[in-house]
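Both complexes shown next keep chain A, but they swap its partner, so chain B is in the first and chain C is in the second.
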Partner chain A sequence: MNKTLRNPWTYVLFLLPLLVLYIMFFVYPMISAFTTGFMKWNGLTEPHFNGLTNFKHAFNDDKFWQSVFNNGKFILFSVFVQVPIIIFFSLLISNVKKLRGLYKTAVFVPSVMSTAVIGILWSFIYEPDIGLFNLILTRIGLQPVMWLSDSHWAMFSILLTNAWQWTGFYIVMVLAAILSIPREIDEAAIVDGASAFKRATKITVPLIMPVISVVIMLSIAGAMKAADIIIVMTDGGPGGITDVMATYLIKYGITNAKYGYGNSIGVLIFLFSLILTALYQVLFARRVERVEY
Partner chain B sequence: MTMTLRSMKKTAPHILLLGFLIVTLYPFIFVLFSSVKSDNQAIASNPFGFPSSFHFENYYEAWVNAKISVYFLNSLYISTLCSVATIIFASMGAFAITRMRYLKMSKGLYQFILIGLLIPGNALLLPIFIMLNKMEGVFGHPILGTHMALILPYTAGAIPFTVIILSAFMRSIPGEIEEAAVMDGLRAKGVFWKIIMPITVPALVTVFIINFIGNWNEFILANFFISTDELRTLPVGMVGFRDIYNTNYAQMSAGIVFSILPVMIIYAVLQKQIIEGLTAGGVKG
Partner chain C sequence: MKKSVLVSSLSLVLATTTVLSTAGAATKTDTIVIRHTQLGEAKQQRLNILKDVLARVSKEVPGVKYKLDGVDSDVNRKEKLRSEMVVNKAPAIFDLFGGTDTQLYVEANRLLDLTPILKELGLSNKFISLDEFKVNGKVYGLPIGGYQEGYFYNKDYFKAHNLSVPKTLSELESLAATIKKDGKTPFAQASKAAWVPLMTANTLWSRYAGPDITNGFTTGKTKWNSTQMVAAFTKYQDWVKKGYFKQGELGLDYAEQRNQLIRGEAIMMYDGSWASSVFSDPKQAGSLTNKVGYFALPSVSGGKGSQTAVNGGFSNGYGFSSKVKNNKQQYAFVKSFIKNMYNDEMQIRGLEADGVLPSMKVSSSKLANAKVSGLVKEIIEVGNKASGAFPAFDSLVQPDVNTALSEGIQKLIAGKTTPKAMLDAVQKAQNAANSNEDF
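For the complex of A and B:
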């Protein structure tokens, strides 16, 4: 028994392909980013160490800060706009019996779609002349808006599309949490004469705080990942106003082959994600009590 | 009076939910209607309504002009190949980690792979790009710009998540089963293929679906690691098509329908597994 499952060669053989790929595509790139991030390197000449110059350059670049703030806008929009909507509609769906399956299936549809295709679809909706939004605006007698090329509206338009794609996904997650609350808790409150609103705000919402905290964590992770939707819809435009850190990195690192500088931005993405995770732990995760039924 | 108040209470949530449903689904319907209208003019004059005449030739033109068949097959084979490769490597690794008798070593390796989930993918984008570019010197022919430039990172990228899900599943398999198999003379390879893998099928199906959808929808690597039109995957091909035919929204809509339809069909058939898999992945990831 022990001999069969304690053969060092078999053990190594089973793990080898996995570890080779993992080291090649996770460990090595991470080390590479952290070393070349401190170098001047454009891909043609030999890289040479230049200390914190890349990072100083980034911190002095307004466009870099613009992209950091845009990552922040993704997070704020999810926490303060999306989360209340998610809670509201999850509560509604959990309260109906008829059509519940249909609502759940339908709201989830956009989250299985490719973000690139969603971006194409929504650029059509935002199209100035024949897009859905401007056709509605002109029909009710309002001025059309240049959704994606007006610097006041471009970021909002992207945030709206992103929210449209992911709200349903989170609704299904929160709904599952609501439906796993034992019925007796709600029934006891009904017997005590609590109104539907009171039951929702005093019982259901506190009980689903753990899953809401997960939704917030996933929104933060999603905000740091956002890039494809921006490349497809505005490509950072107009004038870099919709760039996020990832698209800023791509512009310098891949499009202009500034390998050293690009990797220093990669290091900053890593550090900012780390800081956000720590902040999230302090602000949300620690405060949430897990309730076992 | 009480009756109407009661029925109001019953219908009010449905009205709000149907409104939300329309907001979610109407963009698809808008594109579907636009895809059979004659041109931009027809879309502008009658944006919401049913098309007055049906122009199915938009679909033919989009299929030919956009080379959707080429992109579609590229996406299909890359997504399938990578999802299968990830599952094979990850299940072999998960087997060694959870079932073989090197517990201390395995615990360390598991933690080591877990770190992969915490690294933001965007930070690794450029180093991987540079590495694939340099590989030409090692293999004698270019990797960047070929399908290999997607197959390798897609296969590797899904490893941490897949190992975690499969390890959790394999850990829950009782040890008596494999003990009996070893008594019957099976070697480690046999235990893996004949005993553990068949039991793990439900988890394998879940991770396959999640990885397949992820690969099918991936855009950033596919956009920057490949420049030849014939090698593009569906999302990138569609964006290129949009950039060229952005004056003909009817045809573009037909293209969008083509790229959405396969996922819609898979979703219609496997919605339960997809919803469970993706939301569980979210919770665990």
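For the complex of A and C:
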């Protein structure tokens, strides 16, 4: 046995199944996307190399930039609206003594539901005549809002639904971090006369910064690959106003039978995600100190 | 146990299993996948017809099992089937649209040439028109039925308010103004999918610019941003501005437009003849059952060309994978499927149960005896009175142009563009598609 474990080929053999899967589902599609991204190809007939034409077309297309901008909105909403809400609710739930499990389960449930179900459910809430939101608005004497069809509100409506779906998942993560902080630290602060607000902002939040950093990173990754919720709720409409890069790829790559162009958009999504991740690591994540209690 | 005994017994097991598995393979039953789009209550009758056809086929070709695969029509057409065609993994039998879709797949040799099968089954001259499924004289798809587009309207409301079917566009507009004044929505519409409002727009522009104008876009002979086209879309936007459609309809799914009519919230609805079966089913239409009438979009004063032509044709049906040809059993299954699906009996059944207009030349006596609803009779009558039919724009223009137009109409409804700016953008997309741009 020891002899076997000393043989490096044994480890190669153990890794082989995973490596095969990794190559099949990640490396090969990526190489294939990179190569066909430089081709004119309708997916059916012979492709031919067209240099940087696909990329030039994307950069000159206002609709592409509109979709990039919408991905940006997803990221900004996640980081500046969703994350503070996650922290706030996590702090609240961590201080609850009774029924904490119930609260945790209640906030977590949306994240295990299918996006299609959530999209349809919220479409009812946004319905112009009988939707919950407009019923409330009209009851208090305000004008109803055309949530999914008004270009001013459509993107916000999707962002809100997306946030509702994922907030609970992140709350559970942050909550676990809060609950792992030794109680003595908090008790010492109480003895020193620190208020609940001060304890939360000066002790708890700094101590859970590594987890918050992960939450932000996951939110950015989620924002970059958002597509399903948009397809179900607006299908990029009205008039492409809610398209993100992934739905732009589907519309202009698959629907328009321009697979070469679609792959070039895939490459751009990959590069943008890479740049964002690198920027986040350099500017923020590395500065977060790892805390050992 | 001796090593040689072990080796010989293992070899025997291996040889036996190999022989047995080969024998199994020889009698193995093929499984054929049939992609259909008959989902939901409104298409239940059509699904029943498909199931009955398949039951007959199974008796004729016993060695082949089949599996039904239901997918939403738009998703199948624009995403799923297209992706499957790319990797050459399309089902053996699938829902197919004629025109540009068929041409694209034929270029890549993905569709089965049906010409010899039709000849063998004596069906070559039995279809009213196979033009949309023909490429270089060969047939690659078979329309399941015909369709026609026009206005469905609430008969009781018309009667109660002393309204009559309009003969001109200005009469239609004054009708809409009266309905609006009464606090109702004149036109039911749900435009989350852009093809829904484009049905009205397609006939409107064919009234203003002539029914043949769409044929010229791909050749460059006609232009999207011509004066008549701008006039048609200006009229459309005018209706939007006057509130003739439900507010917020851009966020509603297609099925919702029927509900607007059924609930009595809206009085007229522009839709295809395929929607007619809903109005003869009490479960779906409720109190509006058999109380819906039908008329064509009326003539435009000063409009170009025929003013009675209807948007109609035979563009949707079944296509078959070219791979089927290499498998004798599957080929026999396909042949039997065509024989059992495309005959007078099924055409009449489709007409009676679902209001689908025949795509085949059914004998006039059988047609006269068909038990169809009053609404279907009205639809057939409108078709008979029409000077001709023009196909839907999406079977004539390239997918890029369809996408540009789809975005444009939604922006127009949202008030985010003008008819001229929108049509300039569509023409730009058309020019790019016609020039076979390098991307």
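Going forward, the second predicted complex is superposed on the first by the 270 of 293 C-alpha atoms of A that agree within 3 Å, B and C clash if a C-alpha of one lies under 4 Å from a C-alpha of the other, contacts with A are read in each partner's own complex, and residues count from 1 in each chain.
The rule we apply is simple: contacts are C-beta pairs under 8 Å (C-beta built on N, C-alpha and C of every residue); 3 or more make two chains touch, one makes a residue touch a chain.
These figures come from a predicted structure and were not determined experimentally.
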item	value
More chain A residues in contact [chain B versus chain C]	B
Chain B versus chain C as contact partner of A:Asn60, first or second or both or neither	neither
Which of chain B and chain C A:Pro128 touches, first, second, both or neither	second
First (chain B), second (chain C), both or neither touched by A:Tyr259	both
Touching partner for A:Val117 - first (chain B), second (chain C), both, neither	first
Touching partner for A:Gln143 - first (chain B), second (chain C), both, neither	neither
Chain B versus chain C as contact partner of A:Ile250, first or second or both or neither	both
Which superposed partner A:Asn7 touches (first chain B, second chain C, both, neither)	first
Footprint overlap on chain A, where chain B in one structure and chain C in the other make contact	43, 123, 250, 254, 259
Residues of chain A defined as touching chain C within the complex	40, 42-45, 50, 53-54, 57, 63, 123, 126, 128, 144, 146-151, 154, 234-235, 237-241, 250-252, 254-261
Sites on chain B touched by chain A in the complex	13-14, 16-17, 20-21, 23-25, 27-28, 30-31, 34, 40, 43-44, 47, 89-90, 92-93, 95-97, 99-102, 109, 113, 115-116, 118-131, 152-153, 155-157, 159-160, 163, 178-179, 182-183, 186-189, 191-192, 213, 216-217, 219-220, 223-224, 234-236, 238-239, 242, 249, 252-253, 256, 259-260, 263-264, 267, 271, 274-275, 278-279, 282-283, 285
Contact set on chain A toward chain B in their complex	1-2, 4-7, 10-11, 14-15, 17-19, 21-22, 24-26, 28-30, 32-33, 36, 43, 89, 92-93, 95-96, 98-99, 103-117, 119-125, 127, 129-130, 132, 135, 164, 168-169, 172-173, 176, 214, 218, 221, 224-225, 227-228, 231-232, 245-246, 249-250, 253-254, 259, 262-263, 266-267, 269-270, 273, 277
Touching residues on chain C, where the partner in the complex is chain A	78-79, 82-83, 85-86, 104-105, 107-108, 110, 191-194, 246-252, 399-400, 403, 407-408, 410-411, 413-414, 416-417, 438-439
